[in-house]
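Labels run A, B and C following the written order; every chain starts at residue 1.
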Amino acid sequence: MYELYAQTFVNGINVGALYGLAAVGLSLTFGVMKILNIAHGEFLMVGGFFAYWLFTLLGLDPFLSLPLIALALFLLGAIFYKLVFASVARFHEEVKVKNSLLVGFGLFLVFPQIARGLWTADERAITPAYSGTSFPIFGVRVAYVPLAGLIVTVVVILALHFFLTRTYFGKSVRGTSENWKAAKLMGINVDRTYMITFGLGTALAGLAGVLVALAQSVTPDVGMEWTIKALIVVVLAGIGSIGGAFFAGLILGIVEAVGAIFMGPYSVALGLVIFLLILMFRPQGLFGKG
Amino acid sequence: MILEVSSVTKAFGGLVAINDLDLAINEGEVVGLIGPNGSGKTTSFNLISGFIKPDRGEIIFNGKDITGFKPHRICQYGIARTFQLTKPFAGLTALQNVMIGMMYGEGKIRSVAKAKMECEKILEFVGLARRGQAPVTSFGTVDRKKLEIARALATRPRLLLLDEMMSGLTATEMEEAVRLVKAIGDSGITIIVVEHVMKAILDISSRLIVLNYGEKIAEGEPREVVRNEQVIEAYLGE
Amino acid sequence: MIHWKKGALSAGIVLILVLIPLFVQRSDIITYLFLTLLYIILAQSWNILGGFTGQQNLGHAAFFGVGALTARYIWLHYGFPLPLAILGGGLATAAFALIIGFPAFRLRGVYFIIGTLVMAEILRMVFDNVFPRADVMPMKLLATYNLAPRYYVGLLFAVLSVVAVYWVNRSRIGLGMMSIREDEDAAEATGVNTLKYKLLAFAISTFMAGLAGGVFAYYTAATKVGDLFAPVWTFDAVIIVFVGGVGTIVGPIVGAVFFVLLKQLLSLYLPGGMHVLVFGVLFIVVVLYLPGGLIGLMAKLRKKPA
């Protein structure tokens, strides 16, 4: 019995780290730009397929491909910001959020179709030689791939934190998120800050996508599901709380994994229940400021 | 007494915006609420109209405790307000703007046809006769302010809160606005005006209340109050 | 005068639609007409909340699905008469909607949009897992399956939904809803109970979405339960409303006709599913550059004859 729960707990942490990483990018763009990019999961999907390409065509190890994917998705995000989101970012707050959601909704339709054209509708997973191997500890089997994924996630989030708090550019990002008008008066190029922030958000989605393709699999239609998970995590953490998103991701992962023992197929509904409870009793989220 | 605000306090984070404020407004008065920037004038309006809830204290309107009520209920009890930056229903016609006030405010006329007739009269009263079918997006500053007042009047208020209605107006427009406020006062509606333009406020008000740092520092007959040393100091210190 | 003309025109269109099955025997044409009618109901239902009240529901499929599932279940398995089953589906949907509507509307901003999106997708996953097999009509019904009654049921509810939206739009309730769309603070200050009217608009909207689901449940011979909750129902409704003209009565009708026609046209020339790509791009272009949709475009062109 202990083994079952302990193993489930470990599995929950593995999945939860992915949820957390998927949510961090979404939380970053929303916190800074007040744009809610619900096509976030689509960028995750694209990152997963890119890594799959690099692995199958060039034999590049997925962990080595991480920086390449981050760069590629950063550029893709910057392009999409310029193409569609830049004109949304100029509206005032409420209109901005609503229009960004609609535009993201449109991208939901566009991305899977393109992905089907490029990669067919098949389910793809990255399977290097070491995938599936694991080591035992305290009666629990810990697989190498998710463990490495967890480490990558933690490193990426710490790097992001360092970037936002210690660098000049990071400070300008935070300044813009506090008050973009004031930031503009201080000489910060708001449009460029937005573009880079959006690119960072999609780069984070791409990194999460690599880990998803490695630990699970990707299909052209997987984007929506990951957006939903990320949204639940973001609301659970508190909208705009970047560090909180990681921990909220872990919580959702563990709750779902443990819930599956008792509820079977219904356990996916737990996310919705958590979401509603948060809305009713703690709308600022677990880690948000009251 | 139509409105009684007693020992109301409101803080945002660590900043005390309104500190232990007492206001007493008599029926039929036109009271000017003045003070330097950030002294808590608009916050007082937001408290009275229910947009923010006080941390402490109570607000009694017409004998009823309305503390913590939602804005729409307060409006239905007979307090209407305008906003410093006008907030018209921009996608609708001027007439529709006013009709919403008529059909949802204190009067709550439910028949569309009847509300239309009444609202035409109100538009005429504020100086927007025959502009009813115009989209609000075609309105300039002064017309937007008039529309905002028309919409507030349509809710049939007993107390009207006017927030900075003179700002952005030319001298002639201001004279017109002063006449309008006086006419509203003459019709028996109690008014509180927040205003920066001193000449206008002296013309309109029968009594002045001065706020500074969220506290009341003076009140009384307008021309006496503006000679009060504490008041002068508060303004010069700005 | 104008009202009289519009009324006569509408009555004429409805009359033609009533007579069509008597003269047209081709089942593909009747099917396209039926789908257009179904989309009109679905798009009008979205428009009540998203267009008139300004609260975008990105999980509309959930309500279509609840209505369809409820109606089909009580019709096929409990033997309810069809009209009652469809109405029951609508009512169940509206009741269900309040579970998410109440907590989400108490908070402002994006919570409602996120809430509806999350709910729809999770319901789809749950139903996909719980009912993996297709739900097929009993043989007895399949043997006598006839398109014409489906068409008439679709027509009836499409007309009812247009009339309902027309009525709401001209009433006190409609003004209250539009005031929320334009400015929530100003609406509250003007005496509108914004929470109440958002919930009311949501209830009407989801009731109608549930009816659309019921009509579809009556039409479809076999469906996977999860597909009733598929996001495509939301996509289609939202695209139709925006392309036609958001917040107008005629917009969803024009949008539905345009959508069904273009979809058929595209499927002739493009590989399967690619029409979705075209609609996605079209939708983004409309949101960014043509917020009035086709109706707005026509109005502009009429004002400035080129």
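As a convention for this text, a contact is a pair of C-beta atoms (placed from the backbone, for glycine too) under 8 Å apart; a residue touches a chain by one contact, two chains touch by 3 or more.
Keep in mind that what you see is a predicted model, and the values were worked out from it rather than measured.
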| item | value |
| --- | --- |
| Reaching chain C from chain A through chains that touch each other, fewest steps | 1 |
| Two chains joined by the most C-beta pairs in contact, as defined above | A-C |
| Central chain (by mean CA position) | C |
| Centre-to-centre distance between chain C and chain A (centres being mean Cα positions), rounded to whole Å | 32 |
| Whole-Å separation of chain centres (CA-atom averages), chain B against chain C | 42 |
| Chain A-chain B separation of Cα centroids, rounded to whole Å | 47 |
| Touching residues (chain side chain B, partner chain C) in the complex | 49-51, 70-73, 75-76, 80-81, 83, 87-92, 96, 99-101, 103-106, 108, 110, 112, 151-152, 155 |
| Residue numbers on chain C that touch chain B, as the complex places them | 170-172, 175-176, 178-179, 181-183, 185-194, 247 |
| Complex contacts: residues of chain C adjacent to chain A | 54, 56, 58, 99-100, 103-104, 106-107, 109-111, 113-115, 117-119, 121-123, 125-126, 129-130, 231, 235, 238, 242, 273-274, 276-277, 279-281, 283-284, 287-288 |
| Sites on chain A touched by chain C in the complex | 36, 38, 84, 87-88, 94, 97-99, 101-103, 105-110, 112-114, 116, 224-225, 228, 231-232, 235, 239, 265-266, 268-269, 271-272, 275-276, 279-280, 283 |
